[in-house]
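Since the structure comes first, as structure tokens, the remarks are kept for the end.
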Amino acid sequence: MKNPANSSEKSSKGGWMSFLKGLIPGNNDSTFVPPFSLSGWIFLLAGLIPALIVGWLIYPMALYSKQPQPMNFNHVLHLDPDVGGIEGDTETEQCLYCHEFRDDGSFVGIPRLAKCTECHDDPESPLGETLEEKDFLEKYVADEKEIPWLSYYRQPDCVYFSHIAHVRMGEMECRTCHGDHHKTENLPTYRANILTGYSINIWGKNIAGYKFNTWDRMKMDDCAECHTKKGHEENNACFVCHK
Amino acid sequence: MDSPLLPEGVKRCSTKAFFLWTLPWLGLLAWGGLSAFLCLWKGLNQTNMSNIFAFALWIVFDLAVIALGAGAFFTGFLTYIIGKKELKNVINAAVIIGFICYSGAIAMLGIDIGQPIRGWFIFWHANIHSMLVEVSFCITCYLMVLAIEFVPIILGNRQLSKIRELNIFGHNLHETMAVFAATGTFLSFFHQGSLGGMFGVLYARPFAARDGFFIWPWTFFLFILSAIAAGPCFTILCTKLTEKLSRKKLVPDNAIQLLAKISAFLLSLYMVLKIADTLGWIYGVVPRAGLKFIDFYQEGPYGVWLVVCEIIIFGIAPAIILLVPKARQHDGWLIAACLMTCMGIVLNRFVFIVVTLAIPVMPFDRFWGYLPTWQEWGIAMAVIGYGFLLFSAAYRYLPLFPKERELNPVTE
Amino acid sequence: MKEKHVPGKRYGMIIDLDKCTGCGTCTIACAAENNVSVRSDESDKERSITWMELFKITNGKEFPHTEVCYFPRPCMHCEEDGRGHHQPSCVSVCVATATKLDHNTGIVSQVYTRCIGCRYCQAACPYKARYFNWWDAYFPKGKGLERYLSPEVSPRMRGVVEKCTFCHHRLMRAKNLAYAEERRELEEDEYITACAEACPAQAITFGDLNNPKHRVSQLIKSPYAFRLLERLNTKPKVYYLSNKDWVRKLADNYLPGEFEKIMKLSG
Amino acid sequence: MELNRRNFIKFVVGGAAGIQMTPLPWKLTDDIAIWTQNWPWVPVPPVGEFTHVKSICNLCPGGCGIEVRKVDKRAVKIEGRTDYPVNPGGICPLGMGGLQLLYNESIRFTRPMKRVGPRGSGKFMDITWEEALNILAARISTLRKNGSPEALAAVDGNPIRSTMSLLIERLFKAIGSPNYVRIPTIEDTFGMASLLMQGTDGPMACDLENADYILSFGSGLSNTASKADQWVAAKPGTEAALALGLCHVIIKEGLYDTRFVNDHCFGFNDWSSANGKDHIGFKTMVLDSYSPDKAGQITGLAPGDIVSLAKEFAGAKAPVAICGKGKGALNGSLYEFMAVNSLNALVGNINRPGGVLVRDPLPLNPLPEVELDEIALQGLEKPRLDLAGSMKHPFTHSLINNFTKAIIDSSRSLVDTLLVFSANPVHTIPDGGSFRKALKKIPFIVSFSPFQDETAYMADLILPDHTYLEKTEDFIWPAGLQYPLYGLSQPVVEPIYNTKNTGDVILDLAKRIGASIGSAFPWSRFEEVLKERVKGLFDSAGGLVDHDGSTPAWQRQKEGGELNPDYKSFEEMWKKIKSTGLWYRPVHTYKTREVLFKTPTGKFEFFSSKIELAVNALSEKGSLDTALCDMAISGKGDEVFMPHYETTKYDADRSVYPLLMMPYEMINLASGWVPTPPFLNKSLFDTQLRGDESFFEINPGTAADYNLKQGDRAIIKSPEGKVRARANLSEGAMPDIIYMPLGFGHTAYDEFLQGKGVNPNDIVCAGKDPLSGLPVWWNTPVRLIKL
């Protein structure tokens, strides 16, 4: 092979280097610029900082859609004993009043309209004065139309999840996975990943994947982590959660 | 037109001639591009692969080119680790051939899997028991090594070498080549073996399974050995082809002869072991599964001729030719022997893949046939086109054969 | 880390070939239960998907001495191999850990969303029990065929391998029902596969091979019980039953005279 | 501080490094992979509440109990009911695929329509139910006004004795047309054989649970044959000779039940009639004409096999011989069925456990008599086009092949308006494609089919029915079941399209026609008709409406279990039937043999008095020979009145057509009027269908004669036409017979069915079955031309 030192004679003709040089006005090749001069750092940061902004701020905003729920729902009000709300010995019991198990052990998830009308059965008599309540009666109860709720916690189709195994047999609290959803007066905006269609609550609110609470994320690893912690490694078999 | 890019002091054909030369290979690439697009867009239904022929033409091509590309790591090993200096005259060519083969194989694999976008699951959710995982890790890493080995050659281009930083970088890289050669050797040994293991471990496929004799599966070693025997032959073939096409002597005879001699010994050793393997299989694996040797060679086109070709015509015969110094010094015999060796290895890979799958294991099951579609051929041919193109370009623009100037002094 | 030892289940199946009429109900029950995609041309047997495939075998004699037998073949849900190869042949080769043997049920799982479609498992399986989705599931617009899809089984995308799961979702369904009744253990008939349930000839018996009370674990003790390709050491959990010698002989490969010798030995 | 090359590189490096330090590339890689797991074009079945609905499957006359699993409003899986006596738990492939018939818009009619394009072009225009019914009512009224109500004809494929078919028959009676034609099934032949030998035109049943030896005379090649203890295959159409050959051995060896034969049978021994005429008996006839050698010659079986089979049969404790071809959707041969039943009589296995049971009809209320007006009375006087019930075919109810022939042969349009109910005669009738030709001569065709079948495609007016999963209808005592059962299906899902239960449509139509027809249908809904009929079951006092599937009914009866009705009032019973879908009485009442047989002699008749009467009546008009010729009987003398073997007469020159083609029914291919659900295609072997080509089965020896190898293509040519298929060499096939599956070769429906394979019915040259006149579809002479 040729000795590189010998062959490195300066040349200004040809090659992609000169092409690049041509692009940059006033370029003087003879000026020696130390690799990390101040301006070097500035340019480095000029690339780095916008990239960080794009990756950490703009990208997450662009990645998730925002959809409002069809109407508001006030969990606090429904659980308020002062206004005849749902009572129960435990929080879980209160939740289960509406988010109940069927006889075959399956879980209803978000209750159907029929569950609402068990209590709010008269379309003629308004519940209160809010716009939501008026909407609820006019749009849904009167036409017997199901409310198209957007589910924050619906796992993708490939996932099987048994609530009864966790809540009844495993005696887990609802909030372990769902957080303090029952303490909200307003339903948060539903946000879904535009590529995957997953709710942000499933895939983690934190874009970096960092988890502060048990309910911040409901990914496979989170399930497995809990199973392992509780000594139920056998439930990490693929088919326990995949279908 | 492109003269500033050509290496100094050597003669190359005109730009026009070179352009015409690239046309057929560009054509193959275009065919492959269309095929790849169809396969990625519409799915693998574009092929004639099936639940029976789950692996087919592409995997045969993959395994074949990876085996033939073994010349790269093995020549590297001989050059940098063993210190056979004369091989420096072919090492560049060997590296490029290796790079072509491995990158081509990986590209084909990317199309061959049903869910290319999830391909990285192999690395992320790796099943350490799977030989294919070992193969994937090794060939990916080795392709990186090859790329690194390729860089100094690229930087040897007349114009690039004018850039001081690149020149220094290339030189330094070159100095450390022994380290990469060692890494490459390690990686390559493993994946060549794992490729053999891939089939040897199929314990429910008696045609491919190789077990019951200390080490399981022993195809691991057979594949390594056959690859390092055939790799140098392929390197010889490529250089000889380049010499013939350019009507120039490019590599000193001693380098070629050394490769041929090493190949001869390895091939002979391989043949001894292959015959032992075949016998061990016939008298061990096969009857254990309740079958006879001949049961595997009665279906469709797959007859005993496969064994005869693989072991005698494309195995023992070239081994003898290469062992005899007189014979291997004769260009015609040398090329013929190298060609036979390479065909033997391709046949071996074909048999392990296609025949393994074609022969039904359930006694009441039947034999199915398979012919590749034009889309499958397209992808396979594109690898060939890509190989020719890259190698031709490398020969034209890079200092591929260090002795070229010396052997062909430019008279004008 | 060693898993703590729980007396696990080993679900398995025995198919009485002398009862099977080859009607194909098992194949169809399986497809309907598991959302198996149907294409307009299902006669391309190399590429169509039938988790429970039917093979027809004959004794090869001339008319009128010909006898016919049908061989329904689900996934065998192979066990770990005794020779130190450790795993079912398909499981050990899977690159992305998309298929696994569950030690608590004995069921070999297949996770479609994990599978990358390399098809190495198909090469490894001698029973051809694994099927690749060469096409996207065929649900053309305007037909409304997708309305019969069951939500219990996830429809597959193209480019992945699928296979019989022993109707694992039915185990989940049965478990949920048991939990609703505050039970943990299942009765024998609470979890059976769709094919076993549908068979009009009641030729398929499904249950826990580890539970001596289950019919299946009694039936496999029959001298007429056998498994497909037993010599390959794949240890299938699907057994067959036939009192016809020629049928049993066709279940495995034998060297000339070998089968007859075994017959003589076993009386 | 300028953007030179170095700085530019730094900028790029900074950006690249920066991006790596954000979640973007990593999350994007992950998300794209997840995108492939959730491709928007892969359907995601909605989740919901699981419910189960019990109903009955009506895709074949079997009427199995089904339980449909639903998710909210969608039906997602059909399963066999464990609590239904017909099919404890199991279900057939066709029943399993039913949801693909419900949810497949491209094979269903979703609304009433009328034809706009040329006939058969499939161009229809949407109309309302109101318009559609008015068009039809006006047409019928016009026919009646013109005094030709008989120009209205029906082809009805609803199960025999079902309320639906009663209602259609009633409509025709009220309108005044005798041309109500049913699709022939095995029940027709069973009924006639039973009538002639036992005196009751009811279905026959066999107590298979208690039988210890079952000898099936079904055609070879069936799946069930693979499970038989012994497989004996006679040449198609010679089964009668085999049965009589067995009788010969049994009589000769004295293995028959002498007590039964002597005390309860007529015509066994030679006898003399009141007018002094001597007759030979069954015994003499069989001993003279059906020696094992002779039977062997006819059937192609070894005489030794016949002897050993006869001994095995007679030696069993409760042997039963059953006849029938395929799934029972096609008729059999009358003398053959009689011959097979003679075997049961010889061993005395009639009306006892494990034998042939003589059933009384289900005690359903009859519908009130129709008051006929003048037009109707005159119309009903006119002869039936198919000659069924005439002196030539006195025992047969319908002869669709005659019907077709009459239309084709006539120079004018004998039928002005044809109504087609639950039938697809264009595809299913073994007539060499004649029905399609006949349709061309019918000016107006109305289809009530829920499916876009071949016949409906030719229709002018479409009044689509619900599919069986959307409607209520009844199933009367499926053939073969030994105790009375009434099944009632219920809408599993809400009707998904603008279709209507044909029962309701008929009631509406009758009202629109008005006059005496309207008053003959006083009900407002079909369900009321069903209810009125079921009242009879209540009045019969007894019967259960809930079935504990865990213990079979006969078992409970044996153990003296509770068999008292579990309801108090009729309303309660009706309500329960609607949810459980059944009423049954798990007891077969074994009447004494003295009162059992309703034949003229009061005995089991080997020599049928009814045939004698019919032949005499017809020969009074001409000679005996012409009478026999009219009845298509080639037998001579006393054997005419007894079960005997009739040589098949072929119209074709056998030297040109040396082979025989036998269509056969497959359990996993719908061969009736219902399309095959796509799932069933999965269970077909690729030696039955490959691509668009179906296969014929042929013995390797015969194939070798024609130089045919597995998969080779050939033309099968009969005098009626030709079809192209591929050869499947099968050792199980009888030499010189070509077997062709029924159910392929649809020109209608969608890509799952259309154009796949060929339909053997297209080349059948159906002869006439002696006496019954039903089509002989099982042995068409053909020749083979290798391609």
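Order as written gives the chain letters A, B, C and D; numbering starts at 1 within each chain.
The rule is simple: contacts are C-beta pairs under 8 Å (C-beta built on N, C-alpha and C of every residue); 3 or more make two chains touch, one makes a residue touch a chain.
This structure is a prediction, so every number in the text was calculated from the model and none was measured.
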item: Identity of the most central chain, Cα criterion; value: C
item: Selected interface, A-C versus B-C, where C-beta contact pairs are more numerous; value: B-C
item: Between chain A and chain B, centroid-to-centroid distance (C-alpha), Å; value: 47
item: Chain A and chain C, separation of their C-alpha mean positions in angstrom; value: 38
item: Inter-chain centre distance, chain B versus chain D - centres from mean C-alpha coordinates, in Å; value: 64
item: Junction residues of chain D - those touching two or more other chains; value: 32, 35-37, 44-45, 47
item: Residue list for chain B, restricted to those that touch at least two other chains; value: 115, 118, 121
item: Contacts with two or more other chains, residues of chain A listed in rising order; value: 17, 102, 104, 106, 157-158
item: Touching residues (chain side chain D, partner chain B) in the complex; value: 29, 32-33, 35-37
item: Residues of chain A that touch chain D when the two form their complex; value: 17, 20-21, 24, 26-27, 33, 35, 38-40, 42-52, 54-56, 59-60, 63, 102, 104, 106, 108-109, 156-158, 193, 195-198, 207-209
item: Residues of chain A that touch chain C when the two form their complex; value: 101-106, 157-158, 160, 162, 164-165, 168-169, 231, 233-234, 237-240, 242-243
item: Sites on chain C touched by chain B in the complex; value: 46-47, 55, 57, 71, 81, 83, 85-87, 89, 91-98, 114-120, 122-128, 130-136, 157-161, 228-229, 231-234, 250-255, 258
item: In the complex with chain C, residue positions of chain D that touch it; value: 36-37, 39, 41-48, 69, 71, 74-80, 87, 89-93, 96-97, 99-100, 102-106, 223-227, 231-233, 301, 667-668, 678-686, 689-691, 699, 701, 730-735, 750-752
